[in-house]
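Some structures to go through are shown next.
Consider the two complexes below, in which subunit A is the common component and subunit B and subunit C are the respective partners.
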Partner chain A sequence: MADQKKQSVLGYVFLIPSLAAFCVFMFYPLFYTVYLSFFDWNMIQPQKKFVGFQNYVILLRAPNTWKILGNTFWYIVILLILNWALPYLVSFVLSFVVGRMRGFYKSALFLPSIISLVVGSILYTWILNPVSGPVAILLKPLGIRLPFWTKTDGWVIAGLCIITTWKTFGYNLIVLLAGISGVSPEVIEAARLDNVPLRRIFFDIVVPMSSATGIYVFIITIVQGLQYVFTPIKVITQGGPNYASSNLIYMSYHNAFTLFKTGTASAASVLTMLLFVILLLLEFRFVERGVYYEN
Partner chain B sequence: MKLPLDAGGMTDRDGNSKTQGTGETGSAGAAGWHVFLILYTCLILFPIAFAVSNSFKTSSDAYNTILELIPRRPTLDGYRQVFAKLPFVRIALNTFLIAASVTACKTLTSLLAAYSFVFFQYRGKKVLYFLMLITMFVPFTVTMIPNYLLITQMGLRDNIWGVALPQMADVLGIFLLRQAMRGIPKSLIEAAKLDNIPDLKIMKDIIMPLVRPAVISTGIIFFINSWNEYVWPVLILKSVEHYTLPLALQMYISAEGGTDFPLAMAVSVLTMLIPLVLYLIFQKYIISIFAMTGVKG
Partner chain C sequence: MKRNGSRFAAMILTGAMAAAMAVPAVSYAGDTDKIKIEYWHCNSEEQGGKTVDELVQKFNESNDHIEVTAKYNPDMYKGLMQNLQAEAATGSYPAVVQIGWAFLDYFSNNFSYTSPQDAIDKFDSEDSTFLSDNFLPNVLNLAVNSKGDQVGIPYSLSNPVLYINKDLLKEAGVSEDGPATWEEVAQFAKAVKEKTGKYGFYMQEPADFWAQQALIESNGASMLTKDADGKAQASFASDEGAEAMQLVADMVKDGSALHVGWDEGCQSFIDGNCAMLYTTIARRASVQDGAKFDVATVKSPVWEGKDRKVPAGGCFLAITAQGDDQIQAAWEFEKYLYSVESMAAWTIGTGYVPPRKDVADAENGLKDFLAENKMMNAAIEQMDGVVPWTAFPGDAGLQAEQLLLDMRDQILGGQASAKDAMTSTQDQINELLNAQ
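Moving on, here comes the complex of A and B:
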């Protein structure tokens, strides 16, 4: 009995290093940010002024906020197409359609995942330069002009999503491939013998049978994607032109470290957190409980 | 390019079906998909070739022959400028010191936590594991202001240890090493405990040899991620001699490009060099461990 007790105490002891780090640099900051969202402060004043929900009211009344929420929506949509739908399709093709060179495609497509997004950002500002970049030069004879995408509403979001996708596509592909590997090849083989078209094999068999991984990647594409895209926003456009490329994450950063408004910055962070919590609940609803469970 | 999902559309498009049989699970349409995949792979790898090629060009060649992948007059000028204009050795060393210490700390704390979660029974274990898992869903904006204030109070702003300090634990490592340790038979550990072998010795002599591949790949992931990290260092590091590689590179970005094209490409190449080498050596490990992150358990 005493031995049992010693064992459970030791269990906690082994957990202390990580738990302590999480408490100091993750859980305490989380609560402190919620606290700061109810105060007017600029990081320097000795006194923080309690303002209740005013930071949230200011935030939700500012016209820029709605523009930025709209941008966030478009970031999510484009990232889901490029980083969830496309790798889902490619992972299906790699698993069941092409056989040769599978390993090569996998390694090559994954490669940018290990490269810094700052490198990606600088390379793409040159590659997609609308005047002197290689893409512009190649398209010129065809009469196609690249838009000045870093300065144009709409295009700027698409451009920044392409850069982010360059880095994150491979990771999502690898995870989806692992998920799809749970689909039994016999089922696919049988469907093929019955001449079921590939489109229906994908939508009617593969997607439902890999849905747990599919939903997981759907959610991390949003949660990680909005954060990953911060890096190209920060180094290329700083949220511009006129907030056209800002998103929820950049809005927090901008309020905190450019405008020194910790209150509105924290309020924006708390709203982001709420969005992610909703996504987390979706994950539990569909994955942990299991609609279709692939294992 | 339109992506035909059904075999019929594909044969209509190609009018033939050259690549078939040998290893291809499905024959119809495979050729078209190979074309698509090869084009897509080239598109993905092009930026890397673009950076390497232009880093070896003279300034005027870089602008005038931007499309040519083989430099006409190869030169090391770009690289010479990197060392002349930046305290490059110092910056590379900063990046390495942060990445190495973060990797060492995270690997150690993850090993201990994973061992605790797998081989001990205690109250609240599930809740604690769950608490750690949900940290994956916490956006960095929620922790950045308090952590910035904390590091400032500790006098560690503009100091590489201020970058490393908040990163001593990582839920990804705990998750991956827990998965690896769950494969070890519990009876093996219980037998060792009955022999009164201390837990740290069990970890070192029994667990470590069994989970070494997982530990190595987790460590490589930590190292590469820290090497590439941008968001947190940019808040903490202010002076060039304390910069890490991504921060130094950032100085050469502007929406219109910039004047130091080969120099910027040289810094890009030097920034991606170490992760690329690690990837080329350990790619099997890295890919298989990343594949595990999507597995529930």
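Moving on, here comes the complex of A and C:
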């Protein structure tokens, strides 16, 4: 009995370090952000002015907020296609269709993940320069002209997503490959003997059997993708032209560290967090049930 | 026993981790007797960063009691201001900082700094006339805020010039000496587009409104006017202002001018895809090194029959060091940066126009350099047209600057006419200014 008690005390002792880290770096900033969202403050004034819900009202009334919300939606859609659907397919192809050079493709596609996104952004400013970059030069003989993507609504989001994909594609691919490798080869072999088309092998066998990994990558694509996109936004467009490339996360940053309106910035962060909480709840409610966990 | 041993080890490990977290971050200085100060700048590698490092290294080697660390801040003066704000929130300050002209009022209203004359009087009293001996009054005046205080000393002085690709202009059949007026710029750009298929013109679009201020103020508009009570009001949406912005918007619309990011635009000029580039003289070195064609600079274009007005770009140096020994060290370093040799190195490395007297003609200064680098002359010759870079007063200044950038995007992106966008932006800015 005493031994058991000792065991559980010891368990809590082991928890302390990570709990302390969580408190200092997550819970405290979280509550402080909520606190700040009720004040008008520029980070150096000695006095914070209490304004109640005014920051939220200002935010919800500003037309730019809705534009940025729309942008965020498009970022999510494009990132899900490029960073979730596409690597899912590629990892399937690598596992069951391609026989040779698998190792080469894996490392080649993974390589950009270890390069800083700031470097990538600067690199892509040059590669995708619509007038004189290599892509523009290659497309010219084909009669295709690159749009002035950094200054064009819509294209700017696509361009920034491509840069982010360059960075995150490889990691997602490796994770999905690991997930797919859990599907037992006997099942696939049996399906092949029965002449089941590849398309159906993918959708009816591989996807359901690797859905635990699939849903994990789905969620980190949304949550981390929006944070990764921040870097090229900051380096290349600063949210422009006229907020066409800003997203919820950049909006918080812009308010806090460009305009020094910590109140509005915190309110924006809190709203973003609520939005993601709702999305996650929906996910648990409707998607999680259909997910297959091997263990 | 073995099991107990490993458990014991695990506990020690846990304790060590917890302890490591509890220890506050203390930095142990190697040389405890040296005063360490930080110098914050905005000079990326291609915009004078190497010269900053060389100057700092030389200073550190030439003295035994101060060690300067240079810290680069991305995203120009706005980026530095943001970092300074964040740093100040933690209660620590760098010793010497570069402050962009547009932030003169914002900086002096919100941060504690030491005026250069105060530092001189306190720590360098035998040289108490340093400022008036070495600087022209109108140049010193650029760093005086709206309350009349000398906040710092002008350091980097630049103004916008027009870089031209003579080969392309010749090919287009227009004068290879470049345009003198904005009307000619539009005309030349059109000719380039029609004759060569390349772009005619690009006007810099970084995260500030500096170049556009030159464009519209040269046409007789003014960014800011003080009314009878001395209250500042935005006033750029006049007919002249709108005419000026519309000229560039129309060029973008008919495809003779580019509307891209600053780096993209400069790249396109340097590799010969754009005939004229309107940007700061501070980019001279990188343009001169990169261009494989006959490149030259001409003075900032004027409007037919009107005077040239070019805002002073660049920055002044302010002392934000706290505590006497830090301030003294900061001043010693600053004085070194303003020596003839350092100023000359600075001009050669960056293309900024020297703010202090006697550098251009001195043998140990720029005499040989200017004889060889004729591209500097356009910037030096138009110093009589230099006006202060408009800083919107008070805490609303940052937001006003942002509104100008949004307005520029709307106009050049073709979402709104210059007149409409400028009128509504002017109203918004005045609303902000009146509210404070």
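Going forward, the second predicted complex is superposed on the first by the 259 of 295 C-alpha atoms of A that agree within 3 Å, B and C clash if a C-alpha of one lies under 4 Å from a C-alpha of the other, contacts with A are read in each partner's own complex, and residues count from 1 in each chain.
Note that in this section a residue touches a chain if its C-beta (ideal position, glycine included) is under 8 Å from a C-beta of that chain, and two chains touch if they have at least 3 such contacts.
Note that the coordinates shown come from a computational prediction; the quantities given were computed from them, not determined experimentally.
Engineer: Following the superposition defined at the top, how do subunit B and subunit C come out on subunit A, clash or fit?
Structural biologist: Subunit B/subunit C on subunit A - steric clash.
Engineer: Quick one: is A:T150 in contact with subunit B, with subunit C, with both, or with neither? Answer first, second, both or neither.
Structural biologist: both
Engineer: In the superposed arrangement, which partner chain does A:N42 touch: subunit B (first), subunit C (second), both, or neither?
Structural biologist: A:N42 contacts subunit C only, not subunit B.
Engineer: Applying the document's definition of touch, where does A:T258 land relative to subunit B and subunit C: first, second, both, or neither?
Structural biologist: second
Engineer: Now for A:P17: first (subunit B), second (subunit C), both, or neither, which partner does it touch?
Structural biologist: A:P17: touches subunit B and subunit C.
Engineer: In the superposed arrangement, does A:Y243 touch subunit B (first), subunit C (second), both or neither?
Structural biologist: A:Y243: touches subunit C, not subunit B.
Engineer: Which partner does A:N129 reach: the first (subunit B), the second (subunit C), both, or neither?
Structural biologist: both
Engineer: More residues of subunit A are touched by which partner: subunit B or subunit C?
Structural biologist: After superposition, B is the partner touching more of subunit A.
Engineer: Would you indicate which of the stretches 45-53, 189-197 or 207-215 belonging to subunit B has clashing C-alpha atoms with subunit C?
Structural biologist: 189-197
Engineer: Quick check on the output: what are the common subunit A residues between the subunit B footprint and the subunit C footprint?
Structural biologist: Dual-contact residues (subunit A): 10, 13-14, 17, 21, 24, 43, 125-126, 129, 132-133, 150-151, 234, 236-237, 257.
Engineer: What part of subunit B is in contact with subunit A in the complex they form?
Structural biologist: Against subunit A, the touching part of subunit B is residues 3, 5-8, 19, 22-26, 29-30, 33-34, 37, 40-41, 44-48, 50-51, 54, 63, 66-67, 108-110, 112-113, 115-117, 120-123, 125, 128, 131-132, 134-147, 149-150, 165-169, 174, 199, 224, 227-228, 230-231, 234-235, 245-247, 249-250, 252-257, 261, 264, 268, 271-272, 275-276, 278-279, 283, 286-287, 290-296.
Engineer: Can you check the complex and tell me which residues of subunit A touch subunit B?
Structural biologist: Interface residues on subunit A, with respect to subunit B: 7-15, 17-19, 21-22, 24-30, 32-33, 36, 43, 89-90, 93-101, 104-127, 129, 132-134, 137-138, 150-151, 166, 169-171, 174-179, 185, 188, 192, 197-200, 202, 212-213, 216-217, 223, 226-227, 230-231, 234-237, 248-249, 252-253, 256-257, 262, 265-266, 268-270, 272-273, 276-277, 279-280, 287-288, 295.
Engineer: List the residues on subunit A that touch subunit C in their complex, please.
Structural biologist: Where subunit A meets subunit C, its residues are 10, 13-14, 16-17, 20-21, 24, 42-44, 125-126, 129-133, 148, 150-153, 234, 236-238, 240-243, 257-260.
Engineer: Contact residues on subunit C for subunit A in the complex?
Structural biologist: So the residues of subunit C in touch with subunit A come to 7, 10-11, 14, 17-18, 21, 75, 78, 82, 85-86, 88-89, 110-111, 199, 207, 258-261, 263-264, 267-268, 271, 273-274, 395, 398-399, 402, 405-406, 409-410, 412-413, 415.
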